[in-house]
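Right after this note come the structures.
Next come two complexes built around chain A: one with chain B, the other with chain C.
Let's look at the complex of A and B:
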């Protein structure tokens, strides 16, 4: 490592620990701190209207969910096509509390943070259960197992009266030290909550990969027989990957329920699972920052396609319903193009951009 | 010399810049002046509509949106509100509640005074938001549950429950023999399931039918097995509460099996009946001859029957260049009607000299009863609302397909049992 930790014009690691640092240079740390400061302060200086604040909140919720998906699919190499169902488990945990206790019960209004963690816990339990087939199954067969969980989840929610047969179960407004979070500040409040959760979870995952538990995930992905020979338990590692992923998805779902003041099955369908997968692929599978790029890119793309198809529906013949096809078509095209031309996702562009800045002021 | 040239160039340049600035300022002032002149005549009232123009159910949403759009254009073009104008923003929600919520927030940011919603799911999900912002809402969904525990949602016409119970009453009145055996064919959602419990309640209150089976359809492309099962159970009538395409699939299968009754209640055959979103010209387009003798109820007039409603609907569609499909759609009439109600409450509030606010329009809707009931040309009865009445048009017309066209059966009627189970 360079003696001057403000400069990084080359890799001069002299110990493995140096390579494991969260921030390789002080400059990295400073830039990240400024970035965080910007994230926390921009809504004060440039307040968005409620519509766009909701869009931003949506992106952040998706970031938490995709962090989970990236753990299981990107880092552990286990394809999950039922991730929206895990998100739904978190959301329906909150909805169940609301259904049983009433939507404005003190537990929901005052202890919502604990409930978010409970949502994550239920997600983790379901993740572990769904991960059990991974003890025997691999690759596409395992993907089908996750797909079946998605189907079972949708069926259960749509048919059980306890879950209001899929219709929205409302969740009341929450309290903060300043009182009830009203309509005006609702989206801003959840922006800060979600952002804080992302930072904590992001650092948690970053640190996880410095431990043997994190490295075990990558080892099992790369070669589970070799990992077995090295003393790891591939089966349990896979189950634990699913549980960890389920936890993050559950947290995302619980935040979603509070953000939308309710949970309905429409937000946790197979279509949403595919969308999460698309976000992970476009962002960059197996990268931490890909989990931030993917949801941002896909949600912004989604908004633009939405506007375009709305505009196009005025001109395209309605009988052919071509405008309806634009969204799935664009989605599919983006995934295919990324898989073909940039399989490492936007995270790779970020890596390249960063490596250019590393050469400044001196090339190495 | 050099210095002189450069001085002259600089002076030319500064003159050019000054001229550009002056011209731009004049243009900006002129534009502002024109814009303020354009608005000088009247006020603009903002309304929002979020619905499925693309995605699931867009076959209904598309003509609905056109109906709303055309009627508000008509209001502005013909100065129905004097110099004041209605600005209705229509946004596509792709039948997704999350998107509807975003659209609704967008409309609120724009300062709407009246909101038009679409699906059952999103209406139920946003119920609390409507109450919080105290905005009157007319959804395209007639689900009875929409108005439960809500002050601000108004159904345009009788609920799905009322429509289904009325059809069941029609079965009882016109069926020969013992207690008619009925099956329900419903959409797998709150939209489809809503009327089931109400019909069961009506049966409990003495409505003389036997509900043999409730079928929740999926995306089945073949209903042969289901129809044969219903036949084996002796089902004589199938009550549908869903959208047109699954009904069309079922009718085509029934026609292939030869089980569709040629007359109402024909022995050994099945008579098919359905609520608002099951019928209309789109059903005939989809099912063809198999739609023959399908019985349908709605509170709207239809263009295959001559009358003032048909004339008004077709002339509006023609004025704004709509194709025949949209012009003849009962969902076009549906969209026109909600736009008419919104316009009417604005007109009434204006007439009283009130400022057009959410509260003023809400109060006007609640006062729309008795001699203040509103009769749009496209409905079969008057629109009435009060603090306890949340369904606009209470009367329903039964139609049936005869020689490829929906024809009226009798005069508009109201359900007896809906009052008993309320």
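Let's look at the complex of A and C:
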């Protein structure tokens, strides 16, 4: 039977493998390729100034971090309130190398890609250590364990002299085949690096969920006793979920350190952990494309809030800092409203839009 | 030696405040199995309401303290009614995250007021001369704080043990379906648990505000530091909250008094509770007095 590989009007699966395909039709694949092409080429046609390029870079770094958070909170069902600390572990791995070796050591300038992986590795190790209580415990206790890791991390950075007591530790510029990445190309360069990392990691995670290790996460989330009966080890699966999320967070942190040419405590506080949670919730927990919607939506919202408070502060007494007030207010509102009215997040809107266009123009 | 006893005294003062702050968390957890991450913000708002009534509305502090308790009682009740009542039956993960979102909202609202950025301190209403016995001194404010805390905790325990509402709250925490079948309205018990938690939080806020002055960062940090306390004491035990609060206060003060400045350590009082928390989670997750009903996975 010949199957229309371009326009499928329904699901006609004859094997479980078909259901697991990343792209169900060739049209999906084509659209995705065009989308990637646009992502890679738009900075050439519409060069942004440095301020906005940094915002775009921030979104992409947050996407990597939220991918990690989504793994542990969305797919494995464990709340992590310390995700910014894991990101910080990655960033401070780079910063420590820079502090010990000097900020333009050859390791930092030429082998930064390896350092990013090492940052991820340290994040994974910390994640596994923090996840250890999950060998015995569930939901709430784990949330509190990650919270305490966040507090311990903040203390360690703030009070240990090795970490410069929370002051920024600088990291040098990196080299590419064309020479040192200068000031004007810095953000553009990291845009491409981060985008490539996201594509690799995104496909990695997508494929992970085709294997038993990925499905084990979802199984433990849905019913840990049933998973236990099926021969999985729920505790170890959770520890491994934390390690995996720590790895992604570490990679995000390492990129963050290179992007900002340094690491300071102000980017890895409890507030940032909550922001990552907000991103994951708004995007849609337990969905892969939600990890892309969430950071984009929240960062754009953040930008608008800052613009609005800048505009409004002209009409208000100068002593009041409206942005500090409005940022937590909008984040909190967004978290609460999404949880109350759209718990499946923006990814659900995407799903609805997709199923609507699937049969277009013939509706049923 | 008097240095040692001075630390013991200040540890007990700090610890009794921790106990009062932890009480609210225990109340909510006991009845509805929700950990309230917005507790520190409720403590802070209680303290700020007390200050606003005392200084701006010029009401004597003895009365304004009680008015603020009542206001926060209804505030916490309405928070439950508006945000959390809809989420009954939802997975626990979304309820916890709603409280995190609530914490963020209240943060934002407080930053809109002058309290978010400026420091205030209560007017002195007790003698400022500290009481000194054999070189160990305690200020009148601290003494009053400890006494009020003791009275409040005693009355809360009585309320839970003897009164009809308290018994129905315990029944709900034990088994929701069984308590529904004997005619207890479970949602209203949840509301009441939040309201009483708000009341105890406001009391804690008022006392902290009087002892240390009003600073938003310090006040809402209490909402985080009560987690080590309740985990040490057992999440659903009032007695545990009291004992663990005092233990935690002593540990913090001793760490501050003996560890800081030696071996290049600093601010150990801030971090030790969390290290203890992680260790307890690994070896004795139900805490000192909690019920052993942790589900093993």
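FYI, the second predicted complex is superposed on the first by the 349 of 364 C-alpha atoms of A that agree within 3 Å, B and C clash if a C-alpha of one lies under 4 Å from a C-alpha of the other, contacts with A are read in each partner's own complex, and residues count from 1 in each chain.
Here is the rule we use: a contact is a pair of C-beta atoms (placed from the backbone, for glycine too) under 8 Å apart; a residue touches a chain by one contact, two chains touch by 3 or more.
The shown structure was predicted, so the numbers you read here are calculated from the model rather than taken from an experiment.
**Student:** Touch check for A:266: first (chain B), second (chain C), both, or neither?
**Tutor:** Touch partner of A:266: chain B, not chain C.
**Student:** Now for A:139: first (chain B), second (chain C), both, or neither, which partner does it touch?
**Tutor:** Touch partner of A:139: chain C, not chain B.
**Student:** May I ask you to decide whether A:330 touches chain B, chain C, both, or neither, giving the answer as first, second, both or neither?
**Tutor:** It touches chain C, and chain B stays clear.
**Student:** Determine, under the contact definition given at the top, whether A:183 touches first (chain B), second (chain C), both, or neither.
**Tutor:** first
**Student:** Which partner reaches more residues of chain A, chain B or chain C?
**Tutor:** After superposition, C is the partner touching more of chain A.
**Student:** Is A:158 touching anything from chain B or chain C once the two structures are fitted on A? First, second, both or neither.
**Tutor:** Both partners, chain B and chain C.
**Student:** Looking at the overlay, does A:210 come into contact with chain B only (first), chain C only (second), both, or neither?
**Tutor:** neither
**Student:** Starting from the residues of chain A touching chain B, keep only those that also touch chain C in the other complex, and list them.
**Tutor:** Shared contact residues on chain A (touching chain B in one complex, chain C in the other): 158, 319, 321, 324, 326-327.
**Student:** Can you name the residues of chain A that touch chain C in the complex?
**Tutor:** Interface residues on chain A, with respect to chain C: 73, 77, 79, 81, 132-141, 143-145, 147-149, 151-152, 155-156, 158-159, 161, 224, 228, 234-235, 238, 270, 274, 277-278, 281, 319-321, 324-336, 339-340, 343.
**Student:** State the interface residues of chain A toward chain B in the complex, per the touch definition above.
**Tutor:** Answer in residue numbers: 49-51, 54-55, 58, 158, 165-168, 170, 183, 260-262, 264, 266-267, 306, 309-310, 313, 318-319, 321, 323-324, 326-327.
**Student:** Per the contact definition, I'd like the list of chain C residues that touch chain A in the complex.
**Tutor:** Against chain A, the touching part of chain C is residues 35, 37, 83, 86-87, 90, 92-94, 96-98, 100-109, 111-112, 116-117, 224, 227-228, 231, 235, 264-267, 270-271, 274-275, 277-278, 281-282, 285, 294-297.
**Student:** Looking at the complex, which residues from chain B come into contact with chain A?
**Tutor:** Residues 53-55, 58-59, 62, 91-92, 94, 96-99, 101-102, 105-106, 108-109, 120-121, 124-125, 127-129, 132-133, 188-190, 193, 325-326.
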